[in-house]
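Scrolling down, you'll hit the structures one after another.
There are two complexes below, and they share chain A, which is joined by chain B in the first and by chain C in the second.
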Partner chain A sequence: MPEEKYVPPTFLKWASGDVAKDYPGKTFIISCNEALARGAVEAGVRVVAAYPGSPLQYTIESLAIASSIYPSMHVEWSSNEKVAYDVTLGAAMAGMRAFTPMKQLGMNVVIDSLVQGANLGPAGFVLAVGDDPGALETENEMDTRYLARYAEIPVLEPTSIQEVKDYTLMAFELSEKIRLPVIVRITTGLAYQRSPVVFGKIHHEIRERDVSFDKNRRWILGDAFPWPMKPFGAKHMRFHDELPVKEWEGTVGSLPKASFTKEVIERLEWNELILPDRPVAGVIAVGECYQDTMEAIRYLGVESNVAILKLVTSFPIPENRVREVLKKTGSVLVVEQIEPFVEAQVCAVAANMNSHAKILGKLTGDIPVCNEVTRNIIGKALGKMLGRNFLPEEEEKRIEKGKDLLLKELSFISPPRFCPGCPELAAGFALKTVCNELYGEEVTYIGDVGCYGMMTVPPLNASYANLSMGSGISIASGIYHAGSKDKIIAYIGDSTFFHSGMPALVNAVYNKANLLLYVLDNRTTGNTGHQPHPGAFGITATKQATKMLDIEEIVKAFQVDFVKVVDPYDFEETTTVLKKALEVEGVSVVIARRTCALLAQRIMGLMEK
Partner chain B sequence: MEDNHLNLMIAGLSGQGIIMVERLLVMSLAQEGRNVLSADVPPWTHRNALTYCHIRMGEKLYSPRIPEGAADIIIAFEPLVGLQVSAVYGKEDALVIMNDYTVETRGLSRDGSRDMSGLPAHKYPDIEGILGHMAGLGIDKVRIVSGTDISFKETGSNRCLNMVMLGAAYSSRMIPVEVDTLENHILENTPPGTGQTNLKAFRSGLKLAL
Partner chain C sequence: MSLKPIGNQLRINIDACQAWNAKRPPCRSACPVDIDVPGYVTLISKGKYSEALDVIMEKMPFPSICGRVCHHPCESACIRNKIDQPIAIRDLKRFVGDRLIGERPNQEIKQTKKQSVAIIGSGPAGLTAAHDLALMGYKVTVFEELEKPGGMVTSCIPDYRIPIDIAEKEINLLLETGIKLRTGERITGYSKLFENGFQAVLLAMGAKKPKSINISGMHAKGVISGLSFLRDIKNGKRPELGERVIVMGGGNVAIDCAQSTVRLGAKKVHIICLEKREEMPAHEWQVQEALEEGVMLHTSLGPFRIITSNNRVTGLETIKCTNVFDKDGKFSPTFEEDSLSIIKADTIIIAIGQEIDIKGFEDIEITPSGTFKVDPLTLETSVPGVFAAGDCVSGPASFVEAVQSGHMVSEAIDSFLGGRDLKTLQTRRNNSPSLAEEWPIPRGIIRRKRQDIAQLDPASRKGTFKEISTGYREKEAVREASRCLNCGICGYCIENFGCIAMVWTTNPDLPYRVPEIDLALCVGCGVCGQICPHKAIEEIRDGG
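Let's look at the complex of A and B:
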């Protein structure tokens, strides 16, 4: 055989579109977001929709470039995650492969359509969800796998960037086979890795196939079943093999049953099992945790005498493989990010087979539930199983001392604040000045989600609460209806306004709330890296010109009692208008409009991206 | 270094060009046939937030993430960032290459009045204090570089700080890659039109011969 010449992997040239081109067999160093995009492109994805949210917002940027190469591909920033989900579900119903990446909080927004959409049995439909162990860059550490389980749809957790690419592609095939949406779960630690990835073939023929929306299929939740069968219950029955299949051929009956999904998952090679003859311990390492588990095992030098199950399908789990591990070892450590989700399933398997193996992990306190699971944490738990130390005691103390130093002596270093020149900071300052003068302490400010969340911290201290996107207006209304005598202010950003602020504002007007809505219109989705939205510059995700919706016109149509646009850089104008607005009974709206300072610099070309 | 591994961390504030250095190093190491992985830490949108990246090289790698207390080399673009990152990731005896220019942000300013966003600030700790904290953690091989000054002097702006720091770090001879490989990537894989300036900045860092 001729010796193969070493071809070093290279980075993709930025914005070159290489991520979407035909390079079968070529190796590129790509990021996780690019790998998700590449997997979808190789699968022949036709429709992609998403609302921005870390850590997966960059996937759309790569796919937007792809769509400029393959014009039949539609890529959009949607107004919120549920809209994005419904758009992609529609495309899947029309016979095209469809993809929607979202952050973990997005799952909360799509949950209604997610649960019911699974019942419809769509095919070729993949979601990517970014979970955030340790809440490193979001407001909440939540484990979306429970929501997947609630919706009864499978979850894949790739263990490397190569697998992110490969399993995103294969998730589409899996979804077609089992007729369910499939979720690819990415955790923050994986989401920002880069590594060499071998590209595969792009299925252009799938992307270019004809639309095939089956009008005879009855894409509804109820079916015309005769009494006493319940029309709406039938779809759920398929998830539990309880549907009398034969009678319902052509409807839900023809959709694959749960037992089939389990069988398919059981047969997948992805869940690799390494089983030495006499293992001293067993480990089940899920998704991203596989990496650091292997690092810990290597560090301990026990590679050849530990049973290792690399688990990619965290729901449902491949029970036979888990049984094999349980049979061979006296104790098994389950390593996963956030909640003991797989661990609980492993416990159930063990109970059913009367296994006496000890199952260790988060339920036993060997690994903490909160914060990222890292090599040292895994190593400590493994060391305990094997009856030895992982790191020398002194080293552990030294590391603790370092962290103590940061927490105790350097706590004055603040988290990010408003960027220099931020228009939202200027707007907040004007409002605070006016309110201090007019009402003193008798003001209640309620925030929402965006850069202006930083109003909650000193020195502005001009926001007392923020919760989920679009909730500020309604929380403020609730405080008013509860009888507060304070002047009530609600903030909202422009992207948040389109995401979920509009129904809340309609409600406030209709139900006669008395508040000032302060719209921080910086013409972009600032906090997540400046994505466009329906009210920003009239431009789509793929840089096509489109209509631009004006928040002022919209709120006028909602019949608010006062509306005016101001430039927050103009302190005089802003304070004068605010004073007027605050006198109005009912719902008044002041729109502080000026482009985000970072975006403005970027537009002017003063800064590299 | 644990069995032929090199754990290298680059830390600074968002906007200082950290990812560019990561890319150049990873490309150069990969080109010479090294097994290399990297990861950035969640980049914040906002200016001047703490940000860093992990680069790991070695025969058998599973994770690109440097474990706590295990970084062999830390390139810090700002003093307090250097302390923060060293305190979590620095190995005992780690080599730290640290820029001495303090950025008045994150609620800090040199005179303790206001930071760059105009918000009230805490006084920036002095360099001796920072070095003392690091020595207390067994990290006393700290090489201080006037990277921002050099960048200004050589290129007229602070935008090439990243290249100066890369040059300074390279001059420590701990990064196992040929200088030609690295310089070629600087010429070819920095933004169009900036190659020569970046190379100049890199070489001025190199001259420090740490």
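Let's look at the complex of A and C:
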């Protein structure tokens, strides 16, 4: 295979070099990922880092193209999300605008640095997070906003692709003003939209400005503290306006108070309020839901009778505007994706002002908590609040029936399958064969996150678990230490190995676990669309040649006694080596190395990009 | 998105792939009545019991009886023997048979033909033929000397092997399909039957005349015949035997006699037989059962004379047997001189074999061993229109062979009466068999122990004729059935490897689905070619 000619693939459907075009005022039809990229480019972003994860991996691919045009821009695939976050945080600390997009699961990985990093008061630092209502592309529905609240940093939820571009840009400005990271939350429904966007000016001067890392500060707990004041818990105090700001204001520099953040947010025009004279009811529509809510309102023909608050800042919320809505209406419907996060804040505002307005939404069951909130769901809830039918009854019935049919059909849909020629399937089959022969049913297989997650489904049935990235080895070790008499197998993908598998392997060796680690090295991050990683092809996100780390050598350095690389397409060899590896006491590692079948074809130019 | 090759694409050579599918798998080949064993076992594993029963009933009208008494040659042929242990095929058959015994649909029988057939003997051979002929539309009458139909199954085989109520239930179900049965009627000649309007006569009289030997003391009190002993027990009698019993004989009947004796309370039960242990005609598992129950087995030992006092048995003088068979394998025992010894006994049971009772049929030609001589193809005896089947042709054999012979003779009679061409019989008997030794075993089969079958422990078997084996419960049956490798239908590539490019398809020349490689998907990784147990997957080379 002509591996040396490898060029990282670009999904032209979702990523393009348009984002770098310096045509202010011109309109381009772009995707959500491109809009995020464009926002960052316009903001003069200097450092971008990320680990792949749907739906935002194409943002990096667009920015990688932009960096070839604006070479001062650094764009990287990092080895994991926390690494990416820390790299971008560092750039922000050095006074440059920095950006890290990730999938929601990435937030879970980032959380330690996220909470502490907010404390430092970084400026011009923006995160984009892709949440997945309905878990259409992920293993679970999770709501980033709780983590934002935990980390005490603001969240913006654009309502259209234009706004994605605009508010990404403005998020940098906001971040600089309030000295906090800012999160742009994207939900799946928005992530795969594409629409005309008017481009703005690119702030080259910001990108090209000088580094200004402040060595007078001690970047430990925020710059608000003149040593030796007790610094601990400062961020939490700051968030609640409990810092004795006055005493040292202006001495070493200071961070704005939380009340300042609230004020800024309150003043933002983004949270548009349409307030008729005598509204019959109110609607608060958050982010992506705004589009569908407006369509439902128009369909019902009640534009002029309801108060509409388009909410972009879901944390913190603009309380005054919410109060206005509550004052004027008897009932307010809150529409948002995943958790009743804004709704709970609205309830708190209502309680504080002794409002009698009924607040409807996910907490009251008017909108389901699980699965994507769709236009129909919104329309129904609106209709119910206004005492009218959203759709004619027959139509409703038809939809219900369709749902039943769909469910029935879904039950026939076969489980996800490996691509034809998948080397991971071949590797898994060889292992299953050998284990069957040697141990029968006395084998415990623990998977990890990647295409090889499909080992769990028939006909292979060669994996009993997969949890979060890098967890497989440690779960397997735990099962061993718990006293299992089974032969224990842990799988890991090559990208996952670099993501978080290495510490787990070190731990397994150090603490004398007895297991076989089967590295499914398909030379790419397969599941998310073939991004390179430190062990694949020696190439960076921006197509520059770099060092290629060898998993085999790393594992040897971890003092694993048995390490062998096999070609999973060679069944005999693979089974022979596996048999030997399985006999080894302690941790043994077999690396099944063969380029992902899809990627191989792409490299050979045999498939459309 | 279309996928193009990484290497040469592959295709399945359908001849090589199907070479093994075309053969009957070893278990089925070994089954005298050709039951589709993998078929019904797989159905059981999927919980489809009534479909499984249908598959069995196609060939075996007595699932519950066969599921208990059959000597299961299928299990000896099972491929699992080479990996761990064979599938418990017989007990799985019993499981579905028993489970659905109350709900078996009655096959509707329409009498479409004018001819009628007389069948003498209601053993498994006679009843099977009767059932087949009735299904073909003939009028069938079965004559049975005893009060109950069923032959050896209901008259001799002990209840701890096949309880009488189960056997009767199953036999009655079969008779209900419209077969006329006349019990208590001993037939002594065929001419009357022809005169009475039957167009064909089937002799299925079994082999029920006990063989005897000529040694002194044979007529003393306390010497009894094994068969009549078993028949008495089956009829509810409990003969007085005394404390010490000797059973003479090395076959299954002898073992059954010994085990029955244990159940009647005898303290010391001996079996003596001429054969060496490994030569004994009895099935090994039956011998084991008897040993478990405390029976003392003396092999290579022959009877010399029966010791009596006041014309009552007191013991048996025995002599060592050096060889039972001569060089040609013929029965011709030789004994060691000066090797006499005595075993004390109150009762001696003679179970050294049975022969045919041909009284009334002396004009029909017989073989040197005293069984009816039949044409191997037409199964007709020397008298036109008179057929024979079962033990009275083969000599004492087995239940399933009697059923097999019943099936074959019914076709032969049908052909005689003009129902079918003789040629069709030939193909039936000529199924393409296969041997376990040649059968390719795919890799990666998990060794799984055979599911245990609950059994009465040896101590609690004494004093009762309750069944030894209690059979599988549902869960156990399903688990056991799922061990089946389904040898007849190879889909190894699809069912185990599961590459998405491999799909089931139909082939106009074949009655079952076959695997195929979808060339729109195959990228030519070549893995399937390495794992196919039949080496039936080959690369498509350039230009080929």
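Note that in this section the second predicted complex is superposed on the first by the 574 of 609 C-alpha atoms of A that agree within 3 Å, B and C clash if a C-alpha of one lies under 4 Å from a C-alpha of the other, contacts with A are read in each partner's own complex, and residues count from 1 in each chain.
Going forward, a residue touches a chain if its C-beta (ideal position, glycine included) is under 8 Å from a C-beta of that chain, and two chains touch if they have at least 3 such contacts.
All figures in this text were calculated on a predicted structure; none of them were measured in a lab.
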Side-by-side fit of chain B and chain C on chain A, or clash: clash
Partner chain in contact with A:Arg194 - chain B first, chain C second, else both or neither: first
Partner chain in contact with A:Ile488 - chain B first, chain C second, else both or neither: neither
Contacts of A:Ile359 with chain B and chain C, given as first, second, both or neither: neither
Touching partner for A:Arg398 - first (chain B), second (chain C), both, neither: first
Touched partner set for A:Glu572, first chain B, second chain C, both or neither: second
Contacts of A:Arg417 with chain B and chain C, given as first, second, both or neither: both
First (chain B), second (chain C), both or neither touched by A:Pro458: both
Chain B versus chain C as contact partner of A:Met93, first or second or both or neither: neither
Touched partner set for A:Leu425, first chain B, second chain C, both or neither: both
Contact breadth on chain A, by residue count: chain C or chain B: B
Doubly contacted chain A residues - partners chain C and chain B: 417-420, 422, 425, 458-459, 607-608
Complex contact set, residues of chain C against chain A: 1-6, 443-448, 494-501, 521-527, 530-531
Chain C partner contacts - residues on chain A that touch it in the complex: 1, 417-423, 425-426, 429, 432-434, 436-437, 440-441, 458-460, 568-572, 575, 597, 600-601, 604, 606-608
Chain B-touching residues of chain A, taken from the complex the two chains share: 6, 8-11, 29, 54-55, 136-137, 188-189, 191-196, 290-292, 294-295, 298-299, 374-376, 391, 395, 398-399, 401-403, 405-406, 409-410, 412-420, 422, 425, 451, 458-459, 526-530, 598, 607-608
In the complex with chain A, residue positions of chain B that touch it: 2, 15, 23, 26-27, 30-33, 37-49, 60, 62-65, 67-69, 80, 83-84, 86-88, 90, 92, 105-108, 115-120, 122, 133, 136-138, 189, 191
